[in-house]
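The following blocks contain the structures, represented as structure tokens.
One chain, chain A, appears in both complexes that follow, with chain B as partner in the first and chain C in the second.
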Partner chain A sequence: MSTTWLPCGVYHQNYSQDQAWFQTNFIRGKMILLFAILFIGIPLVADDYVLSVCNQIGYTVLGALGVQLLIGFCGQVTLGHAAFLAVGAYTSTLLILEFPWPQVLLDAGLAYPISIFVAALVAGIWCVLFGLPSARVKGFYLILTTMAAQFITVDFIITQYVSQIGGRGQAFSLPPGTIKIGPWVIDSDLKVYYLMLVLAILCVSLVVNLLRSRVGRAWVAIRDNDISAEVMGINVIQYKLFAFFVAGFIGGIAGAFWISNLAAISPEHFPWFWSLWLVGVILIGGVGSIHGVIFGSIFMVVVMEALQLIIFWFMELGFAWAQPLFMDFLFVKEAAFGLAICAFMIFEPNGLSYRWWQIKNYFNLWPFSY
Partner chain B sequence: MDLFLMTVTTGVMVGGIYALVALGWVLIYKCSGVLNLAMGEMTLIGAYVSLSFYSMGFPFIVALAISLVIGFILGVLTERIFLDRLIGEPVLTVIMVTVGLSFFFKGVVELIWGTDTRVFEPAVFALEPIRIGPLIIGQVYLWSFIAALVLLVVFVSFFKYTRWGLAMQATADDEMAALSVGVSARFVYAAAWAIAFMAAGVGGTLLGNINGLNISVSYLGLLVLPAVVLGGLNSVPGAIVGGIAIGILQNLCGTYLDRYFPGGVKEIAPFVFMAVFLLFKPYGLWGWERIERV
Partner chain C sequence: MIVKKEIMAGDILLELEDVHMYFGKVAALAGVSLKIRKGEIHSVIGPNGAGKTVMMNCINGLYKPQQGIVLYKGDRINHLKPHERARMGMARTFQKVEVFGGMTVMDNIRLGRHNHYRSGIFSGAVYIGKAKREELEHRQFIEEEIIDLLEIEHIRDKPVGMLPYGLQKRVELGRALALEPELLILDEPLAGLNLEEVEDMARFIIDVNEEPRWQVTCLLVEHDMGVVMDLSDRVFVLNFGNMIMDGTPDDVQQNPEVIKAYLGEEDLYATRK
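Showing the complex of A and B:
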């Protein structure tokens, strides 16, 4: 990760200042302002459409965070992360629908929060299971194994077996009112938005905190050179598996969160495309940077929505060619996603976060940038 | 016993098609070190092109030839536009570019040809099956297998006996040495992509003849991965053996395991096999062993 230069005249005097969350008062103020905008500003001005776009961004952030942790910080490439999102979503749904909850917990509205936590644990363990080959193989072979995880989990176990539980057929629909946290029933985009904000902030803080601890330094050491990491006394396999666990844990949270936004969940919500999408998000945002996750998510979701609006606009203007494009927007989306990945890999391999870092440094060092 | 024989024979026939596509994959990896995840979409493009020309009334052979020519052009273009700039980049970058390419191709194919299943009409191969001893084989399978075999022989002899093929072998063996004796590496990369595109197109066309053609034919591109892992990532004979082995495995699982695990055993078995195989012999049967301590 690239370091940000401090403004002129600000120096750190000990290591804990180096690792502090808010390194200057200006940053503290900036973050408070950001939180104010997120928690108060956006809900005040946004309509349901904007909120649903924000929720998609949040879901992408939660999903891509685990991928970033594995690929960007631990160097373990995964192309099957949607499987762990699916495990989280299905665990949470099944717990809500089938588990005999005591009435006390139901009344207190704790069923959904507990199920999120259990779902995260299950997804984490499932992720470790498919991370086990990382003890023996790396690089392309690990990519193949995680791809196998996707097909085995989603296309086989979930589609063929888990979906049959309770005899509901393919899709599990959640009756209204079952997704409830404390006294609040999550039934509108606004409430999903707040849930998303809280979860995203918690998960991002969890990951950042892990990264600035011994664990995170071990991961980065493994990513940079696993042999020298082992020489330094890091238990490589243990830390790799722990990275898989945390990534799966966050993936589980993402999946369990997303059921609050879906009326019904089915295996089609977690295709292989989604796994690749998440990897694309971190590549566009920037590998090895938490900013990258957020920028990448915003970029991908907003660009796709904008593309849809533009095509819709052309259709309104009466261009004949726009009609089929709008009807089959999913295909346009796929093609655009593919081109975007290729373009970023070729022209801006460092991603958006690198640009952000450059802009920030420019202003921090201005006017004496030498 | 008849059932077993039938299953294995069908497996070998389908496996021939897999082998053809796997050959293209191995070629790209051997020559340029690119791990290509866009193989499935390359099969789609070739298959749809030949289907379009066949429906326009061209004879099947001509349609196939046109798809070969278009595959050649697209292969060279893909390599020149996208992959050429990425020589020397990290593995993940290159893989993700091929993933991006696969989405791009897939989106374009879906936009042009839609997602409905299309069939070759009138049927290219006669419908009545052939009996060989106790075996009953659909003509489609037999002719596909023969076509795949012929192409495999053509490609392999191209590598063994022609000047260009030898140049490609030399580059795969030692790029620096090949460069120093005047082999153009950029030419070799482009040729590898062109041949892979052509092989994939033929594979897709043959498979489209068997099951009808829709977007799920691109699954073939993923099936190639277990095949090449089994044979070794950079072994041409390995790709052929691996392709046929995966075809047999798939059909055996479909016949015998479907009773116990209803549903998609046939689709999933190669990947389960691959995941387990990777744990024990990650370099495949004939791949180069790079001793790497993990």
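Showing the complex of A and C:
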């Protein structure tokens, strides 16, 4: 799965046309339409519930992007990515609440944007720290060392020590008005939605750009064949750590973004199951594909919400069995997650993005399928 | 710091001095010495298990010999890692093709130029200015010099994993050439190819060695005696980790020990019947 077929009659005359992002006017038009729907269409028609679902999708995209980079593009299987989201979220929160910001910056509303960037850097460095074992171990053993990241970071350091800062007990509450970007106080789903869109588009384009330049090619080479990558002149350890840094960086952005949607953060927001969930997202969406991150996130969030609605509907209709299911929806969610991954592994191991690619090619080549 | 050193044609490019490599108590290489001069095609032949690939891995840095010296352009390189040796101008292909199956042909060859690209993680992430310009410059080099030379225009956008074996071998050669190497280690480039592909591949090796544009020194490991004797300037014969002889193809064909150890296999096969 690599190149998409272009419609008949598209001839490139130089390399820069051939390497462009949007190769025809039709594709450019489609992309403009997509952005218009995202920025104008959805906010116009959606109510708060739909927007909050969109925000969840965006958060999942940001989280899963780092996982995709590590697993799908660099071949370093990770099962502790929620730890780096937690590091980002906590760094950002602590900076906002505890750092003695100069009044000028507070007035200008720069405290939160700066804290997002710092949180991303801290999470990136933290991720490199737990990426160090990848210099020696690979595959199955690396999964266990990355799981250590989750337990050391969230269950030990954050729960036992970081949460005690300021004597607040378990959760840090974020008073209304603290999350502020420029003149806008992020206090409604709509504003969170726009913040999510900007961050998601920035991060996705950052990763896509990396993947079509020198660093990204080195990552994919390490994934496919690390010995010949080294022989071709790639410093394998350095590039693996680069991958961990970028993955942690995006994870930190995701975590720091998510606090804008929360009234309080606590370690329970970043359980180990959330790390597993992010891996599930890329398995369903398609490993080694940026489309896969987005499709996987949409699928997982929408299916879970739909499931909850269906159970709620049954409960309303008076079915007795729906009552306990709705009360314990978390377990239903976990079961559905397991089932969805099994089904995808059996029926479509290439994920949703492969189906998308097939459909796209079908229409591009129509009516001659060759 | 690795500095590219210029040397003249005919000078010694690579030298092995009394190299020993043991796996446990098994001696894969027991004191091998070899001199490769710039500009020549130097072949290494020997029966299976003679230690040819081990020798290539020692030159390349994948194995560290326990004893002996590896000299490249007069400098000791025993301690350098494979990627550092690649930066000095050493490229190789593998006996079993080791291409990046999930990448396209184009990307495989681009990856071979990894050391010629300059953009880092930040300019790559932004992808304006330097990174973009660089991609276009290298694209031109790859298209005009490598894809054209190896005649793989029609498959440049295909994932390598889906190509037939012969083409994968060719892509692997292209990837090694993209590094613009001075020493090209070819570990059985002809294994598993059909007659036509063998002829093509032999042609490419001669082209790369003789064309003024490339002038790459080749170290060739091969079992196809016809090709080896036709192409090589010198032939090095290895048997159970020991050097039998190092000489011109004609001398090697006359040498009774070589005939006994390797070339004479056919006669042995005939008498068994």
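As a convention for this text, the second predicted complex is superposed on the first by the 364 of 370 C-alpha atoms of A that agree within 3 Å, B and C clash if a C-alpha of one lies under 4 Å from a C-alpha of the other, contacts with A are read in each partner's own complex, and residues count from 1 in each chain.
Just so it is clear, a contact is a pair of C-beta atoms (placed from the backbone, for glycine too) under 8 Å apart; a residue touches a chain by one contact, two chains touch by 3 or more.
Quick caveat: nothing in here was measured; it's all calculated off a predicted structure.
After overlaying the two complexes on the shared chain, residue contacts for A:Gly288 are found with chain C alone; chain B is out of touch.
In the superposition on chain A, contact of A:Val246 is made with chain C only, not with chain B.
Between chain B and chain C, the partner in contact with more residues of chain A is B.
Look at A:Asn225: by the touch rule set out above, it reaches chain C but stays clear of chain B.
In the superposition on chain A, A:Gln19 makes contact with chain C only, not with chain B.
Of the two partner chains placed by the overlay, only chain C lies in contact with A:Leu206; chain B stays clear of it. Using the contact criterion defined above for the overlaid structures, shared-chain residue A:Arg136 touches chain B, although it does not reach chain C. Residues common to the contacts of chain A with chain B and with chain C across the two structures: 227, 236. Chain A contributes residues 1-3, 15-16, 19, 206, 209-210, 212-218, 220-221, 223-225, 227-236, 242, 245-246, 288 to its touches with chain C in the complex. Considering their complex, residues 60, 62, 81-83, 86-87, 91-92, 94, 98-104, 107, 110-112, 114-115, 117, 119-121, 123-127, 131, 135-136, 139-140, 143, 157-159, 175-176, 179 of chain C touch chain A.
Those residues of chain A that touch chain B in the shared complex are 71, 77, 79, 133-141, 143-145, 147-149, 151-152, 155-156, 159-160, 226-227, 236, 273, 276, 279-280, 283, 287, 324-325, 328, 331-342, 345-346, 349.
Note for the complex: chain B touches chain A at residues 35, 82, 85-86, 89, 91-93, 95-97, 99-108, 110-111, 222, 225, 229, 233, 261-265, 267-268, 271-272, 274-275, 278-279, 282, 292-294.
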